[in-house]
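Both complexes shown next keep chain A, but they swap its partner, so chain B is in the first and chain C is in the second.
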Partner chain A sequence: MRILTAVLRTIRNSPKLAIGLAILLVMVLVAIFSPLIVKGIGGSTDPLELAAYERWLVPGPDHLLGTDQFGRDVLAMVVSALSVSLQIGAIAGLISTVVGVIVAFVAGYKGGWIDGVLSTFTGILLVIPTFPLLIALSAYAKNVSLFQVGVMISIFSWPFAAKTIRAQVLSLRSRPYVDLARVSKARDLEIIATELLPNLLPFIGVGFASSALGAIFGLVGLEVIGLGPGGVIDLGQIIFNAINTGALTLGAWPMFVVPIVLLTLLFAALNMVNIGLEEVYNPRLRGVAGE
Partner chain B sequence: MKSELELRGVEQRFHARGVAAGHITAVDDVSFTLAAEPPQVVSLVGQSGSGKSTIARNVLGLQKPTAGSVLYGGKDIFKLSRSEYDEYRRDVQPVFQDPYAIFNPFYRVDRVLWKAVKKFGLTTSRSKGLQLIEESLRAVRLEPENVLGRYPHQLSGGQRQRIMLARVHMLRPSFIIADEPVSMLDAQVRKHFLDILLDFQREHGMTTLFITHDLSTVYYLGGEVMVITKGKIVERGPVSTVMHEPSHPYTKLLLDSIPQPDPDNRWTNRITVDELEDQEADAKAAAPAPETPII
Partner chain C sequence: MTAEAPPAEVVDKVPEPAPPSGVRAWMSRHPLAAYAVRRFGLYLVELWGALTIAFFFFRLMPGDPIQTLIQSLQQNYIYNQQASAEIIARYRAEFGLDGNIFSQYLVYMKKLILHGDLGPSLISYPTPAQDVILRSLPWTIGLLGISAVLAWILGVVFGAIAGWRRGKLGSRIMTNLSIALSHVPFFFVALILVYVFAYTLGWLPARSAYDSNINPGFSLDFIASLLKYGLLPGLSIVVIGTFSWILSTRMLMVPVLGEDYLVYAEAKGLKPWRILTRYALRNCYLPQITAFGISLGFIFNGNVLVEQLFNYPGLGTTLVTAIQQLDFNTIMGVTDIAIFSVLTAVLLLDLLLPLLDPRVKYWK
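Here is the complex of A and B:
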């Protein structure tokens, strides 16, 4: 309860954070209820079925965003694609944050040669050009599932989170309150969980947001060049279809514009959350005018 | 229960780049014994960088010395059995220098006291625990209702440092390792704090290792004093003797560095530590190396 009011206060004091979170919340809600929305759009027919409607219908009252080359409703496609894109963001963001946090805490708290080995390893992964490798990997792995792509992307995105969090752990572990916990018989794991972790929540949040964003755009990148996982439609694949079929020349502009607008919004929202969190927890970035 | 804390030839090195030897020696062959009986105050005086805080970390088991050993009840503190370790932890407690950084800003200050209650098994009942906490807060002249439920930033430095004393009061250790506890407090709060320490010595039989750079607080506390410079203890003895008849040039320097409260007597003829090097060599030749008496 106390934490909840603190969070609410933080959000109230930072318009950037509030706007970013609001946009995210709407998107997540749309994604969660996407099966229902799709059903609502289609009525008795499944709007995502091939040849559900006429092909290349222009936007109108029946089909707000028109239909695509197979006669599928674009609005329904966009809604379910948003859900897929957010899923990949959540999967990859979660994996890379968890891995990054564990590596960062072990390296930062234990120090010594463990830190040396882990930091060198993260450093190596950090400088590998990710996207060409992802292309190569997905070209080899035919019929990969969404989850597998998420894992593939997070292999390369956890080092970012690990680096930033490790630096924070290094600065926090020599605080006197850690010493006090040690003379109060607290174990290492307990110190990490109760003394360090709460102070690092904003950094972990930022790490999650940026890896999720990286994963979403990584998948869009793969889909746009036609190398995405099979069987699912994400925002990138709609763009791919639009480019491939020359949808713009056929008047089906929503197929191209709407996914891009959604991705831009998502990018803006996550960045606003990042910047907002940083402003809240880094006083040097706060305006000088005060409240 | 009552035992001894002994440092035997403790040496602490730290890796350092850009130093000829590749390391710096923060603590160099330091030996002394703190006895719990009779309770006493032993001050450790030295300038910043002389190694006094490192000694505190060694004694508290936060830093394993490179060589030598810290013995509690005759046993190395890094090789204690489970039950011995529990007893050592309970019996040797710190008061740290910085009253701001000692509290985790995420939690209310009560947590530090509750942790002590739970971790050291003082009591299992909540009401009894609260009673203990309030009693200890009153013992350090804090009103429980003014501090409990507050966050660290809502309290003054003196209040926070006294909460640390309340924690010590609850645990009743035989040894308090106080690492510059008053250096960040103003003069009035400082006296208050020192009085509480002396009370603890008298009423609860706690022996304090008082680490400081400030000779006036040493004088106020009385007892024994050890003077440390560059990781070595160069002089030790009762406060009155050391203050009035310092034998080591560094002690003289420290004493000379206390500004006189006299506007006509300007603070001019100070010697600096660098000049001391030569004198120190002379002194070494002249005076025999100090023994390691049991204080």
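Here is the complex of A and C:
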């Protein structure tokens, strides 16, 4: 209960955080209820079925965003693709945050040569262009599940989380209360769980938000050039179809514009949450990042 | 417990200043050179590590490039029988795919380091992969290099001004715009630019690197055509890059503005412009040089997509073509070149920094 009121107070004090969370909430709700929405759009027919309607219908009362090259309802496709994109973000964000946190704690808390090896490895992954590796990986991934795509993308996004959190662990490690815990013979895991982790939660939140964002846009990037893993229809796939089929010349602009607007909104929302969280927990930034 | 012999580690801790050996003495006499040597050693370790990661990453992925090659030959009716074991074995040897993975690794690294040889490419067999890559490299260096540097310069200048005039309306608009746009992926802007300028307005071309009616050469027409075709892809990198540099420069600038020496400079009666350029900006652009090196890998990632979207004949497009055909040697070659360039750029910037900033002391 106390945590809840603290969270509410934090949100009330930061308009950026509040707006960002509100947009996210709406999107998540749409994603959760996407099967129902799709059903509502289609009525008796499945609007995602190939040749469910006529091809290339222009936007109108029956099909608010028109239909695509296979006669699928674009609105229904966008709704379900949004859900896919969000799931990818959630899965990949979660995995890379967990891996990043573990690496950061082991490296930052243990120090010594373990830190040296882990930090060098993280540094290499951070600096080298990993996108070729990701493209190559997805070229082999035919008909993979959503979860596998998430795992694939998180391979390359955990170093970002690891780096930020390690720096925080390093600065927290030498705080007096950690020394106190150590003197009172607390075990390493105990110190990490009870002393360090709670203080790092905002940074872990920031790490999660940016990894999720990176993952969603990583996949969209792959899809936009037509190299995404097969069998996953996210927002990028719709953009790719729009470009590839020349949808713009056929008057089917929503196929191109709507996914981009949605992604921009999503991006802005997650970014606002990020900056909001950073400002809340690092008051020095308030004058710097904001107005 | 009774008092016994002291524990071993206490004995070890007795300070024993070792007489400075030749190497150490030299290092303390030439700190900058020692730093350069150490930094170069780290560079070699990083380079080796990254190349090794890339090698095993690609080799451990499922997929048999020789089977793909045979299949593509069969599809093109160049070779319309089942490939005999001999031919497959010959191709395997030529592509460096015989033996177990460790001997493959040794052969690959030896050829790469000693001869700069990446093995034959598949997309334009039998041209070596390094030739395919060298053909596209200038395009990427031109597009990426110019846009990245331009974005950095614009970002640092505007970021410094935004920090300097903080609180003013213009600065606030710029800052909030940067917050909103600084992490937008490059390809996103590329898509929008293509939609607006190439598709809706029809002002600028959206594909290729130059007008195919003009012969490549050192002529005014060709250069004009290069600029015209490079404008949109370049712009998509510059726009986003500039915003993110504005944001980070401003974050470095604002704390500097509170420093005492700026108050002192103002009290001395120096002109604001002089304070900004000589006192405040100098403290901001130096960390940004290091950041520039680190950001290069990220920029390259975005560049792959931008090139592909604009069909620009650079490394990114080569990479995508190679991946579509499972051309291992070229894929690895592009990755290796990218790794090498980014790490080398970071190294050079790091070595340059002590010369630019007299306060930087890496040696201990």
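Here, the second predicted complex is superposed on the first by the 285 of 291 C-alpha atoms of A that agree within 3 Å, B and C clash if a C-alpha of one lies under 4 Å from a C-alpha of the other, contacts with A are read in each partner's own complex, and residues count from 1 in each chain.
Following the convention adopted for this analysis, a residue touches a chain if its C-beta (ideal position, glycine included) is under 8 Å from a C-beta of that chain, and two chains touch if they have at least 3 such contacts.
All values reported here derive from a predicted model rather than from experimental measurement.
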item	value
More chain A residues in contact - chain B or chain C	C
Touched partner set for A:Q69, first chain B, second chain C, both or neither	neither
Partner chain(s) touched by A:Q148 [first = chain B, second = chain C, both, neither]	neither
A:S184 touches, of chain B and chain C: first, second, both or neither?	first
First, second, both or neither for A:Q168, with chain B first and chain C second	neither
Partner chain(s) touched by A:T120 [first = chain B, second = chain C, both, neither]	second
Which superposed partner A:P198 touches (first chain B, second chain C, both, neither)	first
Contacts of A:N13 with chain B and chain C, given as first, second, both or neither	neither
Touching partner for A:T245 - first (chain B), second (chain C), both, neither	neither
Residues of chain B touching chain A in the complex	57, 60-62, 86, 89, 92-94, 96-98, 101-107, 112, 115-116, 119-120
Residue numbers on chain A that touch chain C, as the complex places them	120-121, 123-133, 135-137, 139-140, 213, 217, 220-221, 224-225, 227, 239, 243, 248, 256, 260, 263-264, 267-268, 271, 275, 285, 287-291
Complex interface listing, chain A residues touching chain B	175-177, 179-186, 195, 198-199
Parts of chain C lying in touch with chain A, wherever the complex brings them together	45-46, 49-50, 53-54, 57-58, 61-63, 166, 172, 175-176, 179-180, 183-185, 187-188, 191-192, 195, 199, 247, 250-251, 254-255, 294, 297-298, 300-301, 304-305, 308-309, 319-320, 323-324, 326, 331, 334-335, 338-339, 342-343, 346
